[in-house]
Amino acid sequence: MSAGLPAARGVLEDLAAANRILVDQGVFDAAGHVSMRHPDDPSLFLMSRSLAPALVGPDDIMAFDFAGAAADPNGRPAYIERHLHGEIYRARPDVMAVAHSHTPAVIAFGLTGKPMRAMYHNAAFIAGGVPVFDIREKFGATDIVISSPEKGAALAEALSDRPVALLRAHGMVCVGPNLPVAVFRAVFTVANASIQHQAMALGGPVAALDAEEGALADAINVQTVGRAWDLWKRRAIG
Amino acid sequence: MSAGLPAARGVLEDLAAANRILVDQGVFDAAGHVSMRHPDDPSLFLMSRSLAPALVGPDDIMAFDFAGAAADPNGRPAYIERHLHGEIYRARPDVMAVAHSHTPAVIAFGLTGKPMRAMYHNAAFIAGGVPVFDIREKFGATDIVISSPEKGAALAEALSDRPVALLRAHGMVCVGPNLPVAVFRAVFTVANASIQHQAMALGGPVAALDAEEGALADAINVQTVGRAWDLWKRRAIG
Amino acid sequence: MSAGLPAARGVLEDLAAANRILVDQGVFDAAGHVSMRHPDDPSLFLMSRSLAPALVGPDDIMAFDFAGAAADPNGRPAYIERHLHGEIYRARPDVMAVAHSHTPAVIAFGLTGKPMRAMYHNAAFIAGGVPVFDIREKFGATDIVISSPEKGAALAEALSDRPVALLRAHGMVCVGPNLPVAVFRAVFTVANASIQHQAMALGGPVAALDAEEGALADAINVQTVGRAWDLWKRRAIG
Amino acid sequence: MSAGLPAARGVLEDLAAANRILVDQGVFDAAGHVSMRHPDDPSLFLMSRSLAPALVGPDDIMAFDFAGAAADPNGRPAYIERHLHGEIYRARPDVMAVAHSHTPAVIAFGLTGKPMRAMYHNAAFIAGGVPVFDIREKFGATDIVISSPEKGAALAEALSDRPVALLRAHGMVCVGPNLPVAVFRAVFTVANASIQHQAMALGGPVAALDAEEGALADAINVQTVGRAWDLWKRRAIG
């Protein structure tokens, strides 16, 4: 297929399903978006037109270059924050999928300087640390939105080589080596945040996963993610 | 149309939908009401007859003047607290819609003197501060209900030029320049309260949105509220 | 009708609905029971046969005397804890309905000696105080169940003239002058507990309703309970 | 029947139902598994093929020996963590059913050294104490999974003669003298954890059930578990 044309139908269906899964799992509300690198052209990524994620279907998927230009706009409005996705794909060749949300449970960790830690094996990918991106540092007072390539690039720089970053007063971004892993990480970043609120409230030291345990456990999760993905897709799509 | 007669069908449908959206989003329970200024006569406002908000349909909408007199009562009982709405419309010509609820997550902030702050961009409208109205200050021991023009006026005075106020031991009121924005603010005042409970439990300083960030982010929210409104309406009305 | 025969069909339907409402509202889980004084014979009360409350229908309702003897057992097993109900009806001629649950949100207040206070007008009935019944004081180590007239009487004594009591390590009991009010109080005792957890976590003084405000607000709630009852019944029964 | 062939249809249906009940009750998510000792051969246990628990049906049940070898694999993949189950059945002849989950509410207690205590009679089985298994102590840094007979045996040793153990940074295991009791204990271990978070946040001493009360109350729960089981099965299977 030519660049700019949609990817194979199954790919579009999976990406639409990922949007709906993240609604069904409580990660997305009326906002949130998940994208994937184009399987046929690594210089493009696929993402829905601007739409509430619960409503995204295969025909809503568009292709964009890293600068956020639509390959085939066809009159469809794009998410303002496509630059968050584009600049991560540009900076991280290992990343094949990106999810961004405003999930309440994670927000407090982006506001308080309390580092997120890996509370259990499902969130093993957190064990290496979760950076916090504060848009004020480079851009002063803004509307918080990642609305330009420059802001996307600054976020990508903060993310560095990690699987998750928090955005102060905004939300989180999760990335993965494929779409199901990015979705899995989004779901369990939220679950981990809820657990950490409870663990810190109990007081005293928290025996979180260390980096070595995290790496070992994450490898298993990446291998076995299909079981969760299949269930979630069935729940979300019916 | 003549004053007192219902507004255009689409307006009535939207206002009924707003009631059901706020139930579906967890802001309203068996109580709660949302009103809008009459599009054809700014000295009137539209509001359901006394009814659980989950049950409100277009035909339940009545028109009231600021003093709470029904333009076309037709034997239908009105909410006791219509004065909360009427006196805000009288005091605030900029306000086109008002929502009032008893949502649990916000109550504690009205009881403890801990100020609500804007935890994320969705609640940017909070960054300028949330006043607390304590009915005891002017009226002594009461049944808490905003049951008279005098009580409504005192609440409107406490609200001042803000988008949200808390009512001690009672709930909240959110206003907006149109119906979808008032609904959006109600939803995200509640979400913000839940996040702030978590952020304060983590301890230490909280890097909330400052007033400048809040103003910038709120402007974006007001522009893009349609995406959430359309989804919520679809969920609530089916 | 003769004592022991079922009450009027509408009464049985309302009591069955009350059981299902309290499931739907999250007060009951697989356990919990609600009873009412027999409208035709104040020395009897009506209560389901032993059954999960979500499954109770009008034909499951039995009549009992205060000692817990079924007027018309017809081979149907009764709840062990019918003595909780019977002894309250015996001690409190003003009580027309009783609900008992194990709802998680209230348990901590029965364990810690932190008094429940009225966080908002919906829970105004709490403003006069919520006693805690600790079965150990009179009965030593037990299975916690209110399984005898003696235990029921001790609980009724602890309840005294109040609308709500907590049972240490067990749950709560709510009473009212009619069935909808008892149900309303059960729902808002739970909501109030959740709010109080948040208010106490914020720290500092909590400007709860005082006894005078509580009495005034409770009178309004009792008058207007029908709006909530009608909605809840419609939700629970369909 | 010969070893390795499925058990009676009703047994398979109950075990499939148990999986779905624990999803419906919020104990299992996309992961979690529950097993039972084979009613016809106590040296075997029954457990689903590797599958999300929400999808388990009677035909998915396989039989395994304590070492985790399938009696009739028929090409079906088994859960890696079947060793958790097998080694408990080997060590505990009294155990007839085992449930394992990653439920968020319990994780913090496995990380912080704060002992779980019995907050109410539904969780009476906790009153004798809940051990915490830290896989690091014997195995160093691992992927956390109970993936070998050795790890299963170490967990069984930590469980000792108790009904529940926590697995640090992983989840919990609950056992019982029959399938409904194991399911009941899983449900109420989670409820108890949520209550204990609230009780500890209130501060001060917590009047939890003592061991004597716990033993008495647990005996009642074991006798009356059928009422909850029947309801839960009806909800989960329809």
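All chains are identified by letter, namely A, B, C and D, in their written order; residue positions are counted from 1 within each chain.
Please note the rule applied: a contact is a pair of C-beta atoms (placed from the backbone, for glycine too) under 8 Å apart; a residue touches a chain by one contact, two chains touch by 3 or more.
All values derive from a computational prediction rather than experimental measurement.
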Per Cα centroids, the chain farthest from subunit D: B
Shared interface numbering between subunit D and subunit C [over half = same, under half = different]: different
Magnitude of the superposing rotation for subunit B and subunit C (Cα, nearest 5°): 90
Length of the line joining the C-alpha centres of subunit A and subunit B, rounded to whole Å: 33
Cα-centroid distance, subunit A relative to subunit C, in whole angstrom: 46
Two or more partner chains touched - positions in subunit A: 201
Chain contact graph, described as a line, ring, star, complete graph or other shape: ring
Chains grouped in pairs wherever the two touch, ordered by label: A-B, A-D, B-C, C-D
Subunit C residues within the subunit D interface of the complex: 30-31, 50-52, 54-55, 102, 104-105, 107-109, 111-114, 134, 136, 141-145, 168-171, 197, 200-201
Complex interface listing, subunit D residues touching subunit C: 118-122, 124, 191, 194-195, 198-199, 201-210, 212-213, 216-217, 219-220, 227-228, 230-232, 234-235
